[in-house]
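The structure appears right after this line, and notes come after that.
Going by the order they are written in, the chains are A, B and C; count residues from 1 in each one.
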Amino acid sequence: MSDDVKTGSELDPPELEAADTRVGEPDSTTHAAGGAGAAATAVSGGEVVGQASLWSDAWVELRRSKLFLVSTFFILVLMVMAVFPGLFTGADPRSCSLGNSLLEPSAEHWFGTDIQGCDYYARTIYGARVSMLVGIFVSAAVVAVAILLGSLSGYYGGLVDSLITRVTDIWFAIPTILGAIIILSVFDQKGILQVSLVLILLGWPTLMRLMRSSVLSVKEMDYVQAARALGAGDRRIMRRHILPNAVAPVIVYGTITVGIAIVSEASLSFLGVGLQLPEISWGLMINEAQGRVRNDAFLLFFPAAFLSVAVFSFILLGDALRDALDPKSR
Amino acid sequence: MGRYLIRRLLQVIPVFIGATLILYFLVFAIPGDPIRALAGDRPIPEGTLNVLRDRYNLNDPFLVQYAKYVGGVFTGNFGESFRGREVSDIIAQRFPVTLRLGLLAFVIEAIFGLIAGVLAGLRKGSFIDNLVLVTTIAVVSIPLFVVGALAQYVVGVRLDLLPIAGIADGWQSYVMPAFVLASLSLAYIARLTRTSLSENLRADYVRTATAKGMPRSRVVGRHALRNSLIPVVTFLGVDLGNLLQGAIITEGIFNLPGIGGEVFRAVRGQEGPVVVGIVTIMVVVFIVANLVVDLLYAVLDPRIRYE
Amino acid sequence: MTATTPLASPPPSPTAHLLEVEDLHVEFRTRRGTVNAVNGVSYTLDERETLAILGESGSGKSVSAQAVMGIIDSPPGFVTSGSIRYRGTDLLTLPERDLEQVRGAKIAMIFQDALSALNPVFRVGWQLAEMYRVHTGTSKGEAREKAIELMDRVRIPSARERIDSYPHEFSGGMRQRVMIAMALALDPDIIIADEPTTALDVTVQAQIMQLLKDLQDESGLGLILITHDLGVVADVADRLAVMYAGKLVETAEVHELYRRPAHPYTKGLMASIPRTDQKGTRLSPIVGSPPSLMRIPPGCSFHPRCSYRRDNCKTDVPPLYPVGGGRASACHYAEEVMADGR
């Protein structure tokens, strides 16, 4: 083994409670003693108390969790907003008339208008599309890469592990915003695809390390040894025993990553190195608003509020998932 | 422990080379001739441009360029910007601003974060716990630049409490930017401390300490806290690198003349040497911070030393 | 640094037991319901006596011991009734500060898994010396010397060299000795050992039990041994109390119990031990599993698994019937069980 399982350098804010499960003895809190597919029946004097498995237990817990319900509600609303913005507003965010520049919120323009005279409400609604797209795309890709590389690295160890870890360390050493600024300066076009790619490139190391350390813990568990003793091959062990159990913290953090990706995109757009006009992004809108905060504060508040709610929901969801998947917090 | 240290140091070298190589590549090997851009529309003979290119090693093959640069770095020579200033001068001038900002933010996040986290962790489920939980999530959700813009507006413009731009007002100018910069990490530290403490309070060794007849204050303050702070302290170590990054945004919003703002300006202006110079420093800080954290972790948790 | 102050209590009567637990009830209030962990447990302990409390996981044996020490997490755990008298004083009525002086100094506890029970970030010597520094205000240097003495007493070799080691640097058996040393530090009257050997190898188990016995002979302390392992108990205990579903179902002197169990559960436990002369035949476990402590069966809590079951067992809760010779059994048909022998 080249590295110890957990090193302090694996933390990268805002990496929330997913990190907590890794610190300390390798008895990761999200691993059920019986494996994902394992069910335990309890017979007490003839009365069957019920079947239990990590994921089905988690689902029961989730359904009851207020955090989960609230966050899922917001996320669904935002997703609908992204796909069908027309449901929320009839106005066209791009039909602007300079004569209407910088109007205060009113009955006709709920959020007022921006400096070009575009309906601000419409722009805010349409802004959801970019954020959700980037957020979910980046997170999904990062999770996929992380699961693949992390399990290979954690399970096979040796040379494969050393190689993958070294590459990960290199990319991890590149600070996110800084790296993004530089990489994006290379591209001529800065569309959703480019920004997403950059975020994926800079974001996968954190999740990959998480997956790897998770796999390392699970690998040592008794049920894996038992499966191996029973003659199960590598692929089967990976698929049925290691993956379902190791993946829990990654799923939790993957949800939070959506929030992080949304913030990163907005930050980059704010700085002017991400999406450019005429794309509609909350980050861009806040950039424009910043200079005018004295007189037209509403320009700042609306996109800021939507942005915050979006990120908030995903982080909340991640928290809810983590609580549900943690057998110790029952 | 010594062997562990040496191993980690050796691992650092390929990482440093890899990261700086990638960044250097992006800045210099990508098409775009900065010399010509510098020349702009002025009709400067090609010969002169070539001399300039030579001076900045731009005619050399990429890897040679890189090697020369890294070699220079180790002797403190970060080259010259395309406008003729010594990059090391630029860095020396601007770094102290960022340093002050970063240190102040660090102190703020450590103190407030720990206090909030301990209070919440001790009284899990109580009002203060929920308060801390909700506020920290809220803060973490709001992007740094939004917090900055909002703070500027509310505290600076509306309430007129603190200066909102520049460093003209001495240490006061750093207060709001430092709080803004610290905000995200503060929230995270509070949550981390809270979780860590409440988990440790349920641990077996706490039960043993109580069974030994130790007063509650000692059980919590000595036994539990010592273990709980391990992840927090290691996070604080890593955060040094992150604060440096956050400085880019914060300096931009509050118009502070630090290296964060400078690197941003330089990328825009295609000032390759300046970008690379500052980036190298940031990567080094990042790597060193991670290294220190790893070592710190081994110091704090005796179980890790046996690797 | 607190020096021990005498407990403000009336002088104990000469016939008072060292420890007397009477009708203890402990429940845990959780989101999913109330767990009745201990339902009316009573026992006594005298000096130089070893009482073994036997039971499976979930029988409530550990919880009752934790109640004696006062270390139950509350919430969600609550002692709802009963008394725990140490030398005549009811510990349940003492304020926390007084309890802190009793714990460790008068009544000490040894836990099952020393690796998790010891603080991983403090050296072993520090944790041992802490007993002296905090309870009796001893200086650091003196406390350290005493810690080395303690380690010698529990037969840890090279004590002086190992005093600055961390818990994870010891083997399981040595770690358990450290736990025992910590418990012994202030010469307590009572030591409660909660499954002290469960996590250890068989040979090490024997050593640890022998150590406990020797220490008891040396100092005359009372020992409560909590275990699920019948084998460990036979050599060491004087009396046995068997627990099931939060209640005591049988108490007896140890050899009597082995010869003629008076309760179907005890009988079942005896029968389920694999014996060398059984080779080649099937094992005979007790059918079924212990009940969930949230849904304890009515009447006799063992009745669903009992081969002696009659109709009244489903409805009438059996008290601890005396069955002669200082023995007691919570079974309506105890004489029948006894008569059937092993």
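Here, a contact is a pair of C-beta atoms (placed from the backbone, for glycine too) under 8 Å apart; a residue touches a chain by one contact, two chains touch by 3 or more.
No experiment lies behind these values; they were computed from the predicted model shown.
Judged by contacting C-beta pairs, the busier of the interfaces A-B and B-C is A-B.
Relative to the whole-protein C-alpha centroid, the nearest chain centroid is that of A. Separating the CA-averaged centres of chain A and chain C is a span of 48 Å. Centre-to-centre spacing of chain A and chain B amounts to 22 Å, using the average Cα coordinate of each chain.
Between the CA-based centres of chain B and chain C the separation comes to 53 Å, rounded to the whole angstrom.
Contact with two or more other chains is made by residues 230, 301, 303 of chain B. Looking at the complex, you find that chain B touches chain A at residues 11, 14-16, 18-19, 22-23, 26-27, 30, 137-138, 140-146, 149-150, 152-153, 157, 184-185, 187-188, 191-192, 195-196, 199, 230-231, 234-235, 237-239, 241-242, 244-245, 248-249, 252-253, 263-264, 267-268, 275, 279, 282-283, 286-287, 290-291, 293-294, 296-297, 301, 303-304, 307. Those residues of chain A lying in contact with chain B across their complex are 4, 7-9, 11-17, 19-20, 23-25, 166-167, 169-171, 173-179, 181-183, 185-186, 259, 263, 266-267, 270-273, 283, 286, 289-290, 293-294, 297, 300, 304, 307-309, 311-312, 315-316, 319.
In the complex of the two chains, the chain B residues touching chain C come out as 202-205, 207-216, 218, 223, 226-227, 230, 300-303, 306. Considering their complex, residues 2, 69, 71, 73, 96-97, 100-105, 108-109, 111, 113, 116-122, 130-131, 134-135, 166, 168, 179, 182 of chain C touch chain B.
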